[in-house]
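Structure, as structure tokens:
To keep things simple, chains are lettered A, B, C and D as they appear, and every chain counts its residues starting from 1.
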């Protein structure tokens, strides 16, 4: 057992080195000022094992903006509170092949957003919650799912989101006009902006991934946070749609469920009950962390974790 | 061991019953006359196990038109002959979220088709082969990958395909105009039509699935037909894009790599080296076999085969 | 001269009869409750001649909702107050070929709306005014351009517009997100809704058309309301884009600048300084008044008024 | 009368100077090698008056490739031989707002091309003729409509068209697949390529424009070549759709029916029975001759020829 642990630690170290090196090729997001302040050479990886032991290298405790990874938490809360029938009455489960903030398909193909991990779908799901759940309650859920009570809102990011969020407002009003969005558009988008503005660490994301790779159970307490089927729904959506329009290639190469955010994080539930969180704010053209992808591909190959192999 | 075998047989029987019953809800394809002749109440399922033993219920030996499942064979041949770098220089690995015969994205998003399992992508990959490989050679490959020497062309279907194939010709010329298609458009489309016109059985599809679920190895002979990485590429693409615009939902519910065809077949490589082939020509609105989906969801749940669980 | 006058009166009567008869083929708009109350068999036509004499048949004094015809007034006000360079820095002059409320092109082709006579373009132009001009001032302009002090807001229509206007809000936020819209989205859309809710008569529209067919001059007073070039811009846009996605066919058949609204009105400046207004709330599939089109085609042919002949 | 003639000559000279100067701002088309050989500083304008007198400045006798202006001839032949009901059963009369070779709308909005002056529409109309009319007959028609027996095919251009024409083949097959195209796709496209490869001069285009500005009559002989209504249809379509996606702006600024080609020509029927042809191979971003636009705007303003004024 000691041996296995030792091997895993070495492989995670290798993944860290691959990610740290890879980071050089990316570019820090600049669409809101707060994100642009990040240091593109930062990189960290944290692995939470089923046993509870945590392996980390690099910037695992640095706070950064969760951005799109909050879509996973929003979906998890909605599935738990409302059930899958309710949630998927307003959003599909299909990969879209379009970029995260596309409006095109809403108006040409289907009034229901393609899936809950693109902006339109996440706003739709947020609209199921807005009015019923306060942001404080959402924050509690986020802490619970991340196994991390230090998750908090970054007010500067929130204000930036709110002041540059007109495209998301457009999406919310378009969904409302089609009779799909349940909540008030402005209230919905405000809750969505707050959730995107959460500050997390690679460790928080490893916690979230741990819950997802352990069928919805908090490994520290044994308490079930999500039921089996909902966990599987989330993992499958992360596998097919979690990495923007780079999802297909990531599925081929790393083969893990994963959700990235333009803040530089990736949350990846893996085999053997492992939860992986990475942080590397240098992004590729799809908006995914270059270092994160490098590290996850490395680790997936090193530990034979491709889910379809 | 006897017990396990017995359980599997029972579960496959349950899957057959679910599929047979489900078939009632679908509609036989009518876009070419030959397909319209099928009997919508037909249903068969065949499972080839790693041991070589075969379990079958219902119409497992009835020949039907392979249609889109030939895209898997075309891709397999291209990967084996040309390598993945060459193949993916002309086609992406991304789910498209559009219907199988969409032209839209080619002209608005990217000149490279989204993936090799939609028409545009399969035509692109066929264009890599056309001129270098004859149809007779392709037929030999098909028999090899399906572990079935009885696979043959249905001339009536081929002539129907050729006489109604103007949209595919349009796609081929569009790809040519964008400098992506390597072969001659007319020659490429002709080879593509022939491959879509192969006659197979549920058993042939179980054979193809067996190769894919055994990392590219022919379990009868131990001979490697596809290398490990290429097999993984195909399985991942089947998982994310194999069921037309119902791929995402199938991934959530059944969680198997699978490729369907409007002839009524589904080929699904599964856990434990199982290869599953189903035949049920009654289709849903996406063009997927209703019975096949029912049976695969049943079996996946009964044998805990969801790949992301 | 008496003779000519007599001929014109007869032809207008013929146009009225054609329009009244044609109305039977259309359907009253139902997207807001107030419009659905209209009587589809109503029809009226009013012609204001350069001399100031007015010829009218049928429902020429019945108030109805101006709807999209307000786009002409909004554009006229913006051109007069801001000049064409300013206005066309944010909107194009091109026909779009899409329906009036399309969002598609905004997101795929150009961030500047195609022209000021579709919703996106009119909202864009309204955004140039919002914050600088009050609704009361806009109402004064409307009365001035329509040569009719009785033009007034219909509060019930305004409330309906506001409560069903989420698609227009989406458009405004999308334009804002692209950095094109100058005004505040909510304020802009509110002003736009108010302008769409003006109550006018066929006679008011004849007045507006009279100004446009007399190079921007109020024929009653000789006062110039619009300069020559701005009048020509408006007339040309009405010719190429004024009848939604039926503009091309109307240009071929009637050959007049014209702007229709789903309230049933059409405003058509014609040759010889004639201003024509029609009212017929029964609409065709494009959203144009069936009776109005019939009447205008009749009159254009009867008086040889096709502009390209 | 002498005076008027003198004024016209002076204004045409002014137009020539404006066009010659404007040409500097454009770029010669390079999509086929033959076009790239043109000298971007060339410019010529030719005006054929109702009296038959011809005014010309600059390169009025230099042969160049007619390209898209052949769409006007194809449409004229089809209207004369088949009538407007037959022709417009397969093509609309609406401006499209898309670029000349767009496929998008065919697949999303309507299977009938938007109008006969974009590629898809011209191919559709050519398909009405292919099989019934030989190219030699089409060439005779071209000479007749251009009042110029020297119009001839440029074989080098034809071969270039044929070897780079895959996008047009794609359009033809797409139209065929939708059941709209009547002729054989390959035969249709071949005839279309030949028509695009005609060599004309600014004088030939002035001849064509003369027929269109004289209600379809050959002013030299008094013989009617096109009936009144068909002439009006063509002129209206040229007004709304003749200048690619610069049509709307040209209509506002010059206000003439006009059709341009990437060979550098523009054919513009104008008021007073004037037919104008220009040649200037330096193009703007829309594919329209920069010099031609400058000259036509100049002349339209100088002689008060805006059709909507």
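Annotations for the structure displayed:
The criterion applied here is as follows: contacts are C-beta pairs under 8 Å (C-beta built on N, C-alpha and C of every residue); 3 or more make two chains touch, one makes a residue touch a chain.
Worth saying up front: this structure is predicted, and the values here are computed from it rather than measured.
Ranking all chains by how far their C-alpha centres lie from the centre of subunit B, first place goes to C.
Computed centre separation for the pair subunit C/subunit D is 32 angstrom, with centres defined by C-alpha atoms. Separation between the centroids of subunit A and subunit C, computed from CA atoms only, is 49 Å. Averaged C-alpha coordinates give centres for subunit A and subunit D that are 55 Å from one another.
Counting partners per residue, subunit A has 108 as the residues that reach two or more other chains. Touching pairs of chains, sorted by label, consist of A-B, A-C, B-D, C-D.
On subunit A, the positions that touch subunit B within their shared complex are 92-98, 105, 109, 114-115, 215, 228, 232-233, 235-237, 239-241, 245-249, 251-252, 255, 257, 306-309. Across the complex, subunit D meets subunit B through its residues 102-104, 107-108, 166-167, 169-174, 176-177, 185.
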